[in-house]
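One chain, chain A, appears in both complexes that follow, with chain B as partner in the first and chain C in the second.
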Partner chain A sequence: MATKEPGNPGVNTAMIRIREGEIAKSTNWKRLAEPTSLIATLFALIIIFSLLNPRFLSVENLRNLTDQASLPLILSVGATLVILLGSIDLSIEGIMGSAAMTFVLLSANTRDSSDFGLLAVLAAIVVGIIFGLLNGSIVTKIKVPSFVVTLGMWFVGLGVATVLYGTETMPFLTNSDLTSWASTLSVGLPNSFWAAVVVVILGVTFVGLTKTGRSVMAIGNNENIARSAGLRVDRIKLAVFAIAGALSAVAGIIAAIKLGSGSPSVGLGSLFVTIPAVVIGGTALAGGKGGVLSSTLGVFILIILNNGLILAGVSPNFQSGIAGAILIGAIVVAAASQRDRLRIAK
Partner chain B sequence: MTTNAKNVALSLRDIKITFGDVVAVNGVSLDLYEGEVIGLIGENGAGKSTLLKILSGIYRPDEGSIELAGKEVKFRNPEDSLAAGIGVVHQEQSLFTNLSVAENMDISVGKSGSNSSLLGLYNWGAVNKSASRTLEKIGSKLDPRTKVGDLAFVDRQMVEIAKAIRVGESSNTKPIVILDEPTSLLEPHETAYLEREISKLREIGSVIFVSHRLEEVIRVCDRILVLRDGELVAVRTKDAVDEAELFRLMIGREAKSEKREYRRDASEEAPVIELRNLSKRGAFRGVNLTLAAGEITAIVGTNASGREELCKALYGVDPADSGTMLVRGKEVHGWNVQRSIKAGFGLVPSERKVEGMVGGLTAASNLSLIFGSDSQVGPFISPRKLKTVAADWFEKLDIRPRNPSLELERFSGGNQQKVVMAKWLKSEKLSLLILDHPLRGLDPGAAGTVNLLIQAAVKNDTAVLLLADTLEEALEMGDQIIVMRDGEISSSFDLHKEQPTSLDLLEKMV
Partner chain C sequence: MSLKSNANRLAKLLGIAMVAGLTLAGCTTAASESASTSSSTSAESSESTGVKKEDIVFVASVINTTNPYFAANIAGAEALAKKLGVPIEIVDSEGSSQVQNSKIQAILAKGKTVVMFVNTVSSADAPIIVEATKAAGGFVTIWWNKPDDYEPRDVGDNFVAFQKHPGVSSGECTADRLAESIGGSGKIIALPGVQDSTTSATRVAGLEYALATRWPDVELVELRPSDWDPELAYRNSQDLITKYGSDIKGVWTADDGMQIGAMKAFEDAGRLDQVKFVSDGLYPPTIEDMRSGRGNNAIVGETFHRGWAASAIGLYTAYLAAIGEIVPSELSNDKRHSLFEIACVGPENFEDFASLDNDVDGWIDQLIINGPWDTAPFKLIGEGPEILPQY
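Here is the complex of A and B:
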């Protein structure tokens, strides 16, 4: 019929013009949560805080900032991976506690004479992986939502840590080389920060350059399509939860080293820096959108805000309120771009 | 046309498959030649999708054999079928919108064909390059680095086709592409483009084309195979068949002439709605339009034409920001959905599953979602009344299964659409019904019933505003056709005075 005319160039070019228009329209308002605007926010914060208190930009404070950022950075990599899948991991603090206790009790400490050196690190990471695998298998095999599973695992982790802690006095690390490792400077910045940098680089590589990493993005976008495309969805989920568990363990170990002792509550407050940082970075809680590097920006925004407010003389009583408000604001911005998720087809 | 001189690419011999007592496909044999496009049509439940699932390795037939280029093959799973060079583009989108075109094409490719290099790390250059090669083969100029979410639907279909033939590239046979209703989500101008691209696939392989749109099947295919009740009831070459015959073969009865007697009695009463210079920034400008009771107005235009926005403005979801709107001759201000429903306006949205219904609620509850007073006792909903009211409508509209207590999501698309429409039709003062692609995804039988409902509404003096799936549908159903382009009305046709062709409409659209 009418649409049979094969070579009508007029129709073709007009069509292309329309399509370009559509593309421009759809990307325009999603920019708020993009890396460029995050970097702009970061710089704005830096400028404001350095004007409020010149000490903000001092070398000591920058070292302080990077040290404070190190644990959230490590945790945010794992959390980002899990959230990219469309799941969530709330068990961070529990795993940190268990791993920290494992690590301290197997290192030279004030309780007993055992000292397994680096093996203690390995053992603690294995503990984290086991917790992660438990999370992952309950989510994939028994199909319990990750929110519930990891919420429970948080307290299982704390429980295991408490049992390990026992009834004796707090175990302190006795090796002074070890306890000073985290704050020792290499190339001007603390070791804890460099550990975080390594983890972030590994995370970026994983998501951007490996088949499994790309599959994580795919699963987060649409799990059904991922399954029918032949991706091993369950196995990938399991792997990601295990990675997240391992990274929580690493964070727990570094937290114990910083503290110089083992305590079930080393991770206290970590969850409420990590998840907001990931969300502020623009990673969608629904999955499939965002990335490790954006979460890094989110971590720095929160850490700088926290540090800057203290230096500016704002009462610490206000700080958690401000952090919460910022989280809600970030989600409002992020949700705006998700409205089009409802429009499956137009 | 020259099919008989060519090699057989695929043949099915006496394929039979049963599920329990149901014989879904019964003794189907067919030959597909290299360079041929065959059409596969049939009502929902005729066995089309089962046959496709057999070809794509999801089901194994109980009896019969499949031959590829003369050699018998057995598909144990979808991977086997893909590796043999049979690529399926499913009705549902199968692309990840957050990934690039190239990645989408690469991600389901098995280890051997993927482009990872040392240490299992992606080699993005290679991924993009091999995607370009495949895209080029099917004549597409898409940039493989584009994010799929940024593409128009017609381009996504091209990606789907490229992806489908991608896996089989390593096998040495020519690809067989199965397209399951590839145009059902496309606008008319996009459909024209895709049809042209499908024709080009003849040069590299062969195509099985499944569609509900009979005129399209005749346009695109060399031969058309008709399935009914699991059996192949007819094979026709495209030159020797017309839509009416295909319809009869498919349904088993004559197509009723849908042309209704036009009943425009230039009544004195004010039009249902009159727009003067209505505008909304970024959507439409200076729209003048009159919708009279008992008339169907079809608006045609591309996605960017502003016609969907105009409908949303009329319904009050996204009101216009300047201009005048008169409802029954009275100017209205501060238009919103509540007022629009009060004025007797109804909207049947195109995204039935997302916007038009509450899938987890029963059909009965959906039916009384908006006008529920007939199923209430005082302020409370009476479950008993809810059921009797629903049973009435189920009978009237022949909604199946006859069980209003079933969740609506468990009904078929056609029956869901009947419930969605009944939700409005049960209002006695329905004055304007806005239908956004009401026939989308419905087979001709279900579409026929929905059409009858529309006619019934018109007879009741409801004005109907129709965004049709195809230009043919608009031409067939409308009293007047409004063509929109870039947010403005570019032309309008009174179908009682003139009979434009779809080409006339297309020219004004783009």
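Here is the complex of A and C:
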């Protein structure tokens, strides 16, 4: 027999409890379903591509994949944090260019003999942090949308990198130990990948185990409530943009090391791998939901897709179209349980 | 000191830094230069029927300012401007047709007679730029890219010429060098530029023609467009090394920028000394690699052409038209749609060409003496459009 709220004979509380139970079950299922289906998608791609070309599963290709995933992984950590806030960072490629030029020009290179060693790395990361702070300051103090601010900062970064590049010939790193560092293997995988693993672990720890990290989720969920609850929203946003800037700089440094040279365009194409990877991983563009680990799944799906199509012998004329179609199919299946997160499927 | 005042100071500092950054990032570098030297030439003295030199401004428009080839475009244009005593403005298109066209239109609106060299971002830009130049009474030479059916002789004297180096010759030269270096047989891979680039397509056509007609045992196993981007060339090379392993004997790239990425990928895979490379451009880093014998003399063939020569030839042709030294409509077809010589070089002779980089001013002197169509090693060799080989 259905119970009714005392004093309110029209309300059936039993039905409410049942509905609450259903919602809780559904939420739990969704929480598990998305990463599971993303992992299933990843394995499906691996199986298909290894059937098409057995070399896909070779140790050599595993090293390729991990090396190629390293930069997007590092960038995706910063991008995930910014998107969790409900903002976006489009300045990735500009910051990469500026940081790469700073790093190369302060390291031993073909233009001059000055070599600042690790200080060059530090200086490049500081450049990234300054760009991030500029992004965060304009977003929080002047209240300009992050889309506009970071779009502008993308080109400011490229402009600074272009000025640093000057009119001389391309600067090449002259220290062979340095230029071979990214591809040198440690425990069977390239150093660039291990650097990315460290960044991902730090990212996961930051979001999951620190107060500031949890505050990022709260701000993304509802900024007004977070603010009224006493969270220092502007400072947290500033910190997140600074972290994202620093990580873009780290990616720029590693990109320069991999190529052995500095160029303003070293980050070319990075943005359009990073942002889709974060979204594919399930982080909500509106903020507040998602995480660093799921973004890593998004990165690997995109990297494996590109690599697998080349190994499968797909013509370059069809590759973009086929990659796009597979991606849409994968997301339809993998993110079906969480479609509401994307909030752009209206 | 309170947090609020700190925040205000930070905001002010960031504001100043932002303005400074945007200023630094400004892309149109206007460099009005007076000539410190000016050689006496017929072109400079016979101005009675054309525009006066003091009414002319040179414009050199490039796709970006960091690619070595485009940086050389700027250097050549500036060297010619200095020699002739004409002010010059540089347009950095930032890789965008929109940016390129709006900057050029802004310069045309200033009122001086514009004499322009444009390395167009895309083929479709040429008619927009030419029509705007024509309307403003300027003179323009386009390099590398224009629509196939858009010819200078159909437009009039303001579109002075379209000029380029033939891509087919480049592709054939490097294909021959690569095939020879691997003993005339084996598998090679190729990294073209952007897929719809005419320049890249003609170089690939030359490569395929040479292989099909002269090197039947050399197998081109994969063409993987790498968009003129060293980083993408690096990643694509990694994938192709995995796919074909030690079967790859040679690598053909459509320009030296992509060769930098491809060589690094083979070096990281420990295979640089087992593979031969050819490319187009003989950029300074390539010269250094050839001098040092990097990777067991990995680079076996290059073509030589220079950005500084292209811009100087283009600007000087338009300048002669502006001052009335030549009348474009009276020129033969090969001087309106021109193909200039491209040298095929290898380890035995690359130093002969590399030394030209040390004396750009000397070469500009020769250009002014000999004219735009007869200055070695970039002499006029034929009339466009370039015909793709049939076989």
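Rule of thumb we're sticking to: the second predicted complex is superposed on the first by the 285 of 346 C-alpha atoms of A that agree within 3 Å, B and C clash if a C-alpha of one lies under 4 Å from a C-alpha of the other, contacts with A are read in each partner's own complex, and residues count from 1 in each chain.
Criterion: a residue touches a chain if its C-beta (ideal position, glycine included) is under 8 Å from a C-beta of that chain, and two chains touch if they have at least 3 such contacts.
In this text, all values refer to a predicted model and were calculated from it rather than measured experimentally.
When the two complexes are overlaid on their common chain A, residue A:Gln68 makes contact with chain C while staying clear of chain B. In the superposition on chain A, contact of A:Lys211 is made with chain B only, not with chain C. Legend: residue contacts after superposition of the two complexes on their common chain; A:Phe172 is shown touching chain C, with no touch to chain B.
The residues of chain A lying in touch with chain C in their complex are 53, 55, 58, 60-61, 64, 67-68, 110, 130, 133-134, 137-138, 141-142, 152, 155-156, 158-163, 165, 167, 169-170, 172, 179-180, 182-183, 255, 258-261, 263-266, 268-269, 307, 310-311, 316-317.
Across the interface of their complex, chain A is touched by residues 7, 10-11, 14, 17-18, 21-22, 24-27, 64-66, 68, 71, 74-75, 92, 94, 195, 223-225, 229-232, 234-236, 238-243, 245, 260-261, 264, 268-269, 283-285, 288 of chain C. Across the interface of their complex, chain B is touched by residues 1-6, 10-12, 14-15, 18-19, 21-23, 26-27, 205, 208-211, 214-215, 217-218, 220-222, 225-226, 228-231, 288-289, 342-346 of chain A. Interface of chain B with chain A (complex): residues 78-79, 93-99, 103, 107-108, 110, 114, 116, 120-122, 149-153, 155, 185, 188-193, 195-196, 215, 219, 302-304, 308, 350-351, 353-355, 471-472, 501-506, 510.
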